[in-house]
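After this come two complexes, each holding chain A, first together with chain B and then together with chain C.
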Partner chain A sequence: MNVMEHLPALIIAIPLLAAFLTPLVDKISKKVRNAVVFIALAATFILTIFLVQDVFENGIMIYVMGASNPTQTIPMQAAVPIRIVLEIDGLSAFMALISVLIALIGLIYSFSHVEERGGKFYTLFLLMLVGMLGMELTGDLFNLFVFLEIASIASAALITYEFKRGSTTEAALKYIVISSIAALFVLFAIGLLYGEYDLLNMAAIAKAIKITGLSNIDMIALILFFAAFAMKAGAAPMHMWMPDAYGEAPGAVSMVLIAVTQASLYALLRMCFTIYADSLHVVIPAAIIIFGLISIFIGVTMALIQDDIKRLIAYAAVAEVGYILLAIGVGLYGVLNNEVELYARKALQGGIFHIFNDILDIGLLFLVAGGIIYITKERNLNKLGGLAHSMKYTSILFLIGLAAVAGLPPMNGFASKIMIYESVYKVSPILSIVAILASIIMLAIFVKIFHSVFTGPKISEQKDVPKLMLASMIILAALIIFFGLFPDIIINNVVNPAVNALIENAAYISNVMG
Partner chain B sequence: MLIKTVGGYWDPIVWIVAFIVIAIIAYIIRAFGKGEYKGGEQTKPFLSGVEEPSKEKVHVRASNIYWGFIEALKGYYDYMKRMHSGVVNDYVAWFVGVAAIMFVVMFAAVII
Partner chain C sequence: MIYNLPFLTVVALIAIGMYAIIFKRNLIKIAVGITILESGVNLFLITLGYREGGVAPIFTNLPPGISPDQIPEKMVLPVPQALTLTSIVIGVAVLALILSFTINIYRKYGTLDAGKIRRLKE
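== the complex of A and B ==
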C-alpha cells in the first residue's frame, strides 16, 4: 500500500480510531492512554506535513473514499461524482496544518492537569480534531455537514468538562442549541442544492452553478450557508455564544475552539470563493466587510468592560475574527471587480496569515489564562494581582501574547495587520482607520489584564504553572516570535498557496470534473 | 524577512535595528542627565504633606481601569449589556434576525 496515496484518509482515520481506543486504554493505565493519544496526534501531524508538502509541490490532491482507484472521481458508468471525495488544495492543506498543530500543542498542555475523566476528555478532544479536519479536507457538502456536527458535539461536551461549575453546563447548552440551529441551516441549504442539481460534490455543484447561473434556490442556499458559517465563525452580532463557550471551557479547549471556529470560516471561504465564486453578487463581500467591522468594534469595546479574564480574551477573539472577515471581504470584493493584483491578493494574504496568527496569539493568551486559573483558582481580574512576583515565566509569555495580539512590531500580529490595513485602505480609508483604532484599544485591553493580574503588590504566594503547561506556552511564544521575525517564510510557503487556491478556483473544479 | 505590502514593505529586522539605534541614542541623551542624583527623599511623591498610602491601597483594580472611557460611553454600554443578555433565546433571535435581513438585502440587491 502506498501510504502517500492514502494520506487524506489516514489523517482523518488515525485520530478517529485513537478517539475510540482511548476509553479502552484508559482502563489499563493513564500513562499508556496519554502515550496512545500523543502518538496518534503526532502521527497525524507528521502525515499532515507530508500532505501539505505534496499539495504545495504537486497541486490539488484527490481521494475518493471506498474506490479501488482513489483518484477516479467519476465512476465508469456515471457522469458525476457519486462517492465521497476528499479534495485538498492549498487552503485545505493550510487549515489542516494549523488545526493539527494547535491540537498537538493543546494536548501537551492538557497532559499537565487533565486527570479526572481523562479518557472521555481525550476521546472528545480527538473527535473535535476529526471534525475540524473532516470539514477542511472534504470535497462533499453532506460530509461537511457531518463533520460540522462531530466538531460541534465534541466541542459542547468539552466546554462542560468542568461541569462542577454550573456555568460550564449553561455555556455548553447555549453552544449546542445555537450550533444545532446553524447545522439545520446548513442541512437545509444542502437539501436545496441537492434538490436542484442532484449533486453533493462541491466541485460538481460549483460547475453546475457556473453553467446555469445563480438561481433563486442557489441564492437562498447561499444565504443559509453564509449566516450559519458566519455565526459559527463568531461574526458579530451573532457572536454571543463565543464569550460563554471560550470563557467556560478549559484553557486548552478554548484554544482548540478557535481552530474549530476557523474551520467554519474555512467553510465560508469555500462557499464564497469556490462554489459560488464569480456568480456572487457584490452585496456578499459588502456583508462580510460589515460583519468584520461590527465584530472588531463590538469585540474590543465589550472586552474593555469584562472582569473575567477568559471572557475578556474571548471578546478579543471576536475582534480578531473581525480583522479576518474584513480582509476576506475586501479580498472577495477585489476578486469580483478584477482588482486582484491591485489590493485583493494582499488583502487575502493578510487575512489568511491572520487566521494563523489569531490561533497562535489568542491561543497563547488562553493558555496563560488557563494556567492562572489553574494555579490561583480565580478568574476575576479584581481579585487577582501581583502574580509576576511568583509566575515570572508566565508573565513574560503573557507579554509576548499581548504584544502579538495588539499588533505591536515586530510580532506576527503586526505583519498580518499591516497587510490588512494597507489593502483595505484601497477600498475605503475608513476601514483602515477603524481597524487601527481598534488595534490601539486592543492594546489597552491587554494592558488592563497585565496590570490587574501581574503587577501590583503580591496578594498570595503562588508557584509557577506545571512544566508541560509552560512547555506548550513556550512553543506558541516561539512560533509567534519566529513568524514575527520571518513572516516571509510562512507567507511564501504556506499562505500564498492558500491564497492562490482561493483566487484560482477553476483548478478545484477541474480536478474532480475533468 | 521582508514582505511586500500594498503601500511598501515590512522588514522586522530593519525595525529591530532601528529600535536598537534609537534606544542607544535615548540612553546617551539620558546619560547627559545629572550625575549626582541620589534618590532617597527626593524620589518620594509629595502629597501636600500627607503620608503616601501603601501600595496595596493604591493599586487600581480591573473594574476601575478606563473608568472615564466607560462612563463617557455609558449609553452605548447600557445597550450592549442588554444585547448580551446571556439568554439563549436572544442568541437565536439575533442569528435568525441577521439571516432574515440578509435574505431581504440580497434579494433586493439582485432585483435592483
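== the complex of A and C ==
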C-alpha cells in the first residue's frame, strides 16, 4: 500500500480509530492511554504536513472512497461522481494544518491536568478533531453534514465536561440546540440541491450551477447554507452561543473550539467561493461585511463589561471572527467585481492569515486563563490579583498574547491586521476606521485584565502552572513571534496557496469533473 | 394537489418545529421542537426519493416480470433513503445529548424554564 496515495483517508481514519481505542486502553493504564492518544495525534500531524506539502506543490489532491483507483472520480458507466470524494485544495490543506496543529498543542496542555474521566475526555477530543478534519477535507455535501454533526456533538459534550458547575451544561445545551438547528438547515439545503441536480458532490454541483445559472431553489439553498454556517462560525448577531461555550469549556477545549468554529467558516467560504462563485449576488459579500462589523463592535463592547476572565476572552474571540469576516467579505466583493489585483487579493490574504493568527492569539490567552483558573480556582477578575509575583512565565506569555490580539507591531496580529486595514480602506474608509478603533479598545481591555490579574500586591502564595501547560503555551508564543517577525514566509508558503484556491475555483471543479 | 401533500406536510412540520424552538420556554418542548423539525427534513428527503411504482434497487430480489439483464426503469436510486437513515441515526444521538443536558440542568437548577436558568446572560 502506498501511504502517500491514501493520505486523506488516513488523516481522518487514524484519529477516529484512536478515539474509540482510548476508552479501552484507559482500562489498562493512564500512561498507555496518553501515549496512544499522543502517538495517534502526532502521526496525524505528520501525515497532514505531508499532505499539505503535496497539495501546495502538485495542486489539488483527490481521494475517492471505496474506489479501486482512488483518483477515478467518475465510475465507469456513470456520468457524474457517485462515490464520496475527498478533495483537498490549498484552502482545505491550510485549514487541516491549523486544526491538527491546534489539537496537538491542546492535547499537550490537557495532559498536564486532565485525569478524572480522562478516557472519555480524550475520546471526545479526538472525535472533535475528526469532525473538523472531515469537514475540511471532504468534497461531498452530505459528508460535510455528517462531520459537522460529529464535531458539534463531541464539542457539546466537551463544553460540559466540568458538569458539576451547572452553567457549563447551560452553555452546552445552548451550543447543541444552535448546532442541531444549523445542521438541519444544512441538511434541508442539501436536500433542495439534491432534488434539483441529483448530485451531492460539491464540484459537480458547482459545475451544474455554473452551466444553468442560479435558480430560485439554489438561492433558497444558499440562504439556508449561509445562515447555518454563519451561525456556526459565530457571526454576530448569531454569536450568542459563542461566549457561553468558549467561556465555560475547560482550558484547551476553548482553544480547539475556535478551530471547530473555523471549520464552519471554511464551509461558508467553500459555499461562497467555490459552489456559487460567480453567480452570487453582491448582497452576500455585503452581508458578510456587515456581520463582520457587527461582530467587531459587539465583541469589543461586550468584552469591556465582563468580570469572568474566560468570558471576556471569548468576547474578544467574537471580535476576531469579525475581522476575518470583514476581510473575507471585502475579498468576495472584489472577486465578484473583477477587482482582484486592486484589493481583493490583499484582503483575502489578510483574512486567511488572520484565521491562523486568531487561533494562535486567542488560543494562547485561553490557555493562560485556563492555567490561572487551574492554579487559583478563581474566574472573577475582581478577586484575582498580584499573580505576577508567583507566575512569572505565565504573565510574560499573557503579555505576548495581549500584544498579539491587540495588533501591536512585533506580533502576528499586526501583520494580518495591517493587511486588512489597508485593503478594506479601498472599499470604504469607514470599514478600516471601525477595525482600527476596535483594535485600540481591545488593547485597553487586555491591559485592564493584565493590570487586575497580574500586577498589584501578592494576595496569596501560588505555584506556577505545570510544566506541560507551560510548554504548550510557549509553543504558541513562539509561533506568534515567528509569524510576526517573518510574515512573508508564512504568506508566501502557506497563505497564498489558500488564497489562490479561493480566487481560482475552476481547478476545484475540473479535477473532479474532468 | 395530492402529489404536493408530502411537501405541504414538510412545510407544516418545519414551521411547527421552528415555532416550538423559538417560542417555547420549556427545555423538553424545545427538544421536541428539534425532533419535529428533523422529521420535517427527513420527510423532505424521503419524498424526493419517491417514484411511483418504483422497485427496490436489489437485483437478486426483483418482482416477477422484470428482466434482470438490464437495469429496470422503475428501479429507484437509494441515495435519499441512505441519507435519511444517516440523518435519523444522528438525530437520535443529538436528542439523547439534549435530553441528558436537560436532566443535568434540572438537577442543578430545579427548573426546566429557559427563562429562569439563565445564569450566562451578558
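We take it that the second predicted complex is superposed on the first by the 514 of 514 C-alpha atoms of A that agree within 3 Å, B and C clash if a C-alpha of one lies under 4 Å from a C-alpha of the other, contacts with A are read in each partner's own complex, and residues count from 1 in each chain.
FYI, a contact is a pair of C-beta atoms (placed from the backbone, for glycine too) under 8 Å apart; a residue touches a chain by one contact, two chains touch by 3 or more.
Computed from a prediction, not measured in an experiment: that's the story for all the values here.
Q: Check the residue A:24 against both partner chains and state whether it touches chain B (first), chain C (second), both, or neither.
A: neither
Q: Looking at A:13, would you say it contacts chain B, chain C, both, or neither? Reply first, second, both or neither.
A: Neither partner.
Q: May I ask you to name which of chain B and chain C touches more residues of chain A?
A: B
Q: Return first, second, both or neither, reflecting whether A:346 touches chain B, chain C, both chains, or no partner chain.
A: Touch status of A:346: first partner only.
Q: Should A:437 be classified as contacting the first partner (chain B), the second (chain C), both, or neither?
A: In the superposition, A:437 touches no partner, neither chain B nor chain C.
Q: Please work out whether A:305 is in contact with chain B alone, chain C alone, both, or neither, and reply first, second, both or neither.
A: After superposition on chain A, A:305 lies in contact with both partners, chain B and chain C.
Q: Could you say whether A:46 touches chain B, chain C, both of them, or neither, answering first, second, both or neither?
A: The answer is neither, since A:46 touches no partner chain.
Q: Of the two partner chains, chain B (first) and chain C (second), which one does A:35 touch, if any: first, second, both, or neither?
A: Touch partners of A:35: none, neither chain B nor chain C.
Q: Where does A:181 make contact in the superposed view: on chain B (first), on chain C (second), on both, or on neither?
A: both
Q: In the superposed arrangement, which partner chain does A:160 touch: chain B (first), chain C (second), both, or neither?
A: second
Q: Touching chain B in one complex and chain C in the other: list those residues of chain A.
A: Shared contact residues on chain A (touching chain B in one complex, chain C in the other): 173-174, 177, 181, 243-244, 302, 305.
Q: Which positions of chain B touch chain A when the two form their complex?
A: Spelled out, the residues of chain B in touch with chain A are 1-8, 10, 12-13, 15-16, 54-56, 59-63, 65-66, 69-70, 73, 76-77, 80, 83-84, 86, 88, 90-92, 94-96, 98-99, 102-103, 105-107, 109-110.
Q: Name, in rising order, each residue of chain A that touches chain B in their complex.
A: 173-174, 177-178, 181-182, 185, 219-220, 222-224, 226-227, 230-231, 237-238, 240-241, 243-244, 281-284, 287, 298, 301-302, 304-305, 307, 343, 346, 381-382, 384-385, 409-410, 414-415, 418-419, 422-423, 425-426, 444, 448-449, 451-452, 455-457, 484-488, 491
Q: Over in the complex, which chain C residues touch chain A? Could you list them?
A: Listed in rising order, the residues of chain C that touch chain A are 14, 21, 27, 30, 34, 37-38, 41, 44-45, 48, 77, 79-80, 83, 86-87, 90, 93-94, 97-98, 101-102, 104-105, 108-109, 117-120, 122.
Q: Could you please specify the touching residues of chain A with respect to chain C in the complex?
A: Against chain C, chain A makes touches at 142, 145-146, 149, 152-153, 156-157, 160, 163, 166-167, 169-174, 176-177, 180-181, 183-184, 187-188, 190-191, 194-195, 198, 200, 243-244, 247-248, 302, 305-306, 311.
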